[in-house]
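The following pair of complexes shares a single chain, chain A, combined with chain B in the former and chain C in the latter.
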Partner chain A sequence: MPLQGKVIGMLAQQIVNGITIGSIYALIALGLTIVYGVLKILHIAHAGVYAMGAYLGLWAYRFIPNLFLAMIVAMALSGVSGIVIERFLYKSMLDKSRIVPLIASIGLFIAMEEAFRIISGPYVKAFPVHFRQKPWIFGSVRISAPQMLVFGVTIALLVLLWWVISKTRMGKALRAVSMDREMADALGVATERIISLSFFISSALAGAAGVLVGVFYNSVYPTMGDIPAYKALAIIVLGGMGSIPGTILGAFLVGISETFLIGFVNIPLPRDALAFIVMIAVLMFRPYGLLGKE
Partner chain B sequence: MTVSITIGIYVILAISLNIITGYAGQISLGHAAFFGIGAYASGMLATRLGAPFFICLPFAIVVTGIVGAILGIPCLRVREDFLAITTMGINFVVQAVFLYVPFFGGALGISNIPLPSLNGVEMTKSVYLVMVVLFVLIAIVIDGWLTRSWTGLALASIREDETAAEMSGVNLTRFKVIAFVLGSAMAGLAGGLYAHFMSFISAQDFGFPESIVILSMVVFGGIGTLRGPIIGAIILGVAPEFFRPILDYRTLLYGAMLVVLMRFQPQGLLGIDSFIIRNVKRLWKKETVVNEISA
Partner chain C sequence: MKKWLLGSLIGALVVCLGIGTLFAAPIKIGFFAPLTGFAAADGTSAKNAVMLAVEEVNKSGGLNGNPVKLIVYDDRDNPKESVAIANKLIEKDKVIAVVSGSYSTPTRVTAPIFNKAGIPMVAGYAVDPSITKAGPYIFRNGFLGEIEGKAAGEVAVNLLKAKTLALFTIDNDFGRALSRGFHARAKKFGGKVVYEHAFAIGTKDFSAMLTKVKGLSPDLLFISGYYEEAALAVKQARELGLTCKILGEEGFDSPKFLELAGDAAEGVVITTNLNRDDPRPFVQDFIKQYKAKYGMEPDMVGASSYDAFMIVANAIRKAGTNPKAIRDAIASTKNFDGLTGLIKHFNKIGEVMKPVQVQVVKNGAFHYYGVISDPEIITPPEK
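Presenting the complex of A and B:
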């Protein structure tokens, strides 16, 4: 019995860790899926916005050592940068072939990473936040203060997002635009404003995710967007591109299976390839993702 | 010399990706995987079994072509953006296999791949360059044949409108597989040439960033044309040398260049109806006809 209890405890701990990673993936991938829903483009530079959010949060935190203010500043500025990207870059590319915004986005992502490196150096920067909160302990499961922060912020942002999208007029317009942009335009929805709004929301989410990751791992560095860039793409494909519940499901699925893979099974495969293996396997049976529609 | 050989290999890669993405319209973000499969096939046959170069190279081409067909099948089930991400996933998985399966040398890669020899004498770099150029010419001839054939027409119809092509009786599966096999076999050729020239290969050389480099070359020069990928590979291949004095800003400029080009000249430098081609046409009216045929 004691062995069994230990295994169950470990299992529960892995699930908690997996949910933490999954919440971060969800925040990053949600923005990507919203943008895809509205414009049907693969916004690789989204991961650049995420890294920028981490830098902005760190910078704000140095001025005002209050994490929530720093996060709000980072979210606001990331959101504005998202609008700038949409206005300058994607707006003129919507009627072009799909590969055009894709390459532009990849180019922008490369340039952003290099800009971070040149401006703030190639080194890993610490994000020193001291938590006074003691970890919660339930039996053998331990939830640390940074984990609580990640859960709390993610849940708050998800609830806020759900409220905006399903309860407000803006959200209704956003859903209309992602169903059929031209039709929404014809029916009098201010499409351009809604597209900018969707970029603001998704980039703000990415900025929040950047700050959370920076605090959680206590590190901010120029190439921190690399792995999320690929993984978030795998997650939104897994969930069915443009589907918000599908993306959240996919994010938690990938987060939990990754922690389990590391915690229990000794498969000689890097965890970063796992998301893609899961994705390809799912696509063979459901070519439009878990909750995607044709 | 080294730079010109590398550029030659990139030209072959760009031409091969252009068959899949430019002619057939199937966006591939994982072309480096096939480049890597060719390099590993050729390099391992040479080092493990001591096979001569002129057996290794066809072997690499055949193996890569077969793997291209196998990996092409899952790609047939998905369309457009799903396909782009699936190919990207294939790139990550192939790289992970090279890196984590001991049979492929793991993190150490494959080393001591011999340079090919001709009549018992090891090739010098200049002879190797001549050979690479020869293979580039062969690739161009195959490409030219493809664009003039029925297959080329069928691929273009798939690119323009998949549903309409299917309605007109184009066998989607067959022609997509043809494009994948041809494109990946040609990438396998480039891989073989790369392996024997570098003499050392590891999984790091064939990651997702490499796929992006190849795709950028195709798009930079002008996707869907023959001249575009060639010029793109040459310009982006020379660019690092050209930017050497400003080493620290090289990658930044590279990214910025892609952004600016896509923003203002999305057809690529020499694509159909790009500003250079338009002006050339205006200058030499007579050449218009020739240009349109070759496009």
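Presenting the complex of A and C:
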């Protein structure tokens, strides 16, 4: 292969790699941004829900060895856990200073990680899904079956989310609550139900992300939420707190920048610092994030 | 009549000895490892193996007639907690010797405390070079990163005959030391490093680095890291269609690596210190017992901690319960038959001298590939 073709092939492969990572980031960070939009709290335990989704998916997959059914079970149960967290933890704290739910959330996150460890042991568990699908090969670009799975599920969930939020009455109410909760309440929107709904959607997305990561990296373990806990934060700040399109854009930007900076520049900084560098670089020019409003 | 008397006398003696062991003051040995938090898997392996060693010692009558009691603490790989644990072990529990089943950080911060208190400590597998520099009471049963790196360099260029080399180095003291040793040895025999990238602990995605390596098509990829990263890197390498040889180190040495990497693990060669095909019966017994008791394969972290405990136990057998005498006995250990091979001796500063094992993954299990006992490689530094 001539040198130029080789470079273009590598570039294309890195874009595929970057989009895969971006898809996963998007699913994790979206829930965080939806919850922030509605309640204006930083839901750190969201990363715990994500890890729980991975465990639930693995557990369901052992009973019914069908990945899609396992994912639906994991999403449903994670979604319900989100509602429970909101009802029993955040609800009584909403009128307190914002630091209170933040600390409660961090506490819950640590408790969840230790609970996973006690229940299922400290060791990494494999998520043994065998793909019969062969990788797609275009020249020197390979798209593996797990990558196809990540793309497919992410696109399906993003379309579904767009439809719920922009085409349904529930979605309209959700947008109203996130613009001004008290005003929406005064105008007769059932805010409590909408808050529950937003936690259900967010947590179900996190659960789906957990299952995808578990399958894609063939590993599920108690502390798998550690890095997403802060990286998702960088992404929603980058995208503009509470902005859904901004978060999606931010997630793909971070995924692709990480891949390129590592694959081409070979910078000596740890990969997980890159999200924050991208965030700082964008905030210097757009202090409200990519698509955030003042 | 006489026979009956003799029989009952022997019986009474056996009962007395038995009761004697039961009621004799237990010998207290301290142990700490990360049993919760991110490093819990390794800490648990270390603890499980050492508990097996304690059981074995107590079953065979304890140490000089006294049973051993292991005082176990969870350090969570947290330096602050480790300091508190060290002080507790010395002042409250009054242990006479300590085994570290922990990582570098807790072992490094506690070493000067134990040394000052005059309590000997043997570190199972912590790699940081400064640990043994705390003083004469501190010993290490694991390899220094640099020695293992040199051994890996030897395997790469002389056993696997690779000329062009790529390195993925885990970004901590362990990975950096491995990389230094690897570079030095590989260079000496004409190996050329064409790519090196340092990655953070907990990295899950290696696709960007692997795509780059694929473009360079080296003969061999040397990956340093722990089994979680290692399994992902190996699996993703094969998924991306990278066909070069892959070499790893003791961080790969876990049944979890084989499980997580699956078929991609086949043919991966590692340097470590537990030889699964070791013909010595007690090694095979240990592997069997560990499997029976804990339902999983033992790993090198467990085997190294087991040996660290047995070195301490052996010293107490020889020297009694005075910590100073125990220290001297550990320092004069010669040709000790350990799980992890023949431990030749501890050098002046307390570093172990023993061969490096080379294992290969065949049919989903680690098997013998070679052993490196060239003194030029395995002799630890004297300062």
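Definition applied: the second predicted complex is superposed on the first by the 293 of 294 C-alpha atoms of A that agree within 3 Å, B and C clash if a C-alpha of one lies under 4 Å from a C-alpha of the other, contacts with A are read in each partner's own complex, and residues count from 1 in each chain.
Note that in this section a residue touches a chain if its C-beta (ideal position, glycine included) is under 8 Å from a C-beta of that chain, and two chains touch if they have at least 3 such contacts.
All of these numbers come straight from a predicted model, not from anything done at the bench.
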Message: Quick check for you: in the superposed arrangement, does A:L102 touch first (chain B), second (chain C), both or neither?
response: first
- prompt: Now for A:M241: first (chain B), second (chain C), both, or neither, which partner does it touch?
  reply: first
First (chain B), second (chain C), both or neither touched by A:D272: both
Message: Once chain A of both complexes is superposed, is A:E114 in touch with chain B (first), chain C (second), both, or neither?
response: both
- prompt: Where does A:T259 make contact in the superposed view: on chain B (first), on chain C (second), on both, or on neither?
  reply: second
- prompt: Looking at the overlay, what does A:M93 touch: chain B (first), chain C (second), both, or neither?
  reply: first
Task: Examine A:L42 and indicate which partner it touches, taking first as chain B and second as chain C; both and neither are also allowed.
output: first
Query: Between chain B and chain C, which residues of chain A are contacted by each of them?
result: 114, 268, 270, 272
Query: Okay, in this complex, where on chain B does chain A touch?
result: 21, 27, 74, 77-82, 84-86, 88-90, 92-93, 95-96, 99-101, 208, 212, 215-216, 219, 223, 248-249, 251-252, 254-259, 262-263, 266
Field: chain B contact footprint on chain A (complex, rising order)
entry: 36, 40, 42, 88-89, 92-93, 96-104, 106-115, 118, 230, 233-234, 237, 241, 268-270, 272-273, 276-277, 279-280, 283-284, 287-289
- prompt: What residues of chain A sit close enough to touch chain C in their complex?
  reply: 6, 10, 13-14, 17-18, 20-21, 114, 117, 122-124, 126, 128, 135, 142, 144, 146, 213, 217-219, 221-223, 226-227, 258-260, 262-264, 266, 268, 270-272
Contact set on chain C toward chain A in their complex: 35-38, 40-41, 43-44, 171, 197-200, 202-205, 207-209, 211-212, 214-215, 227-228, 231-232, 235, 239-241, 256, 259-260, 262
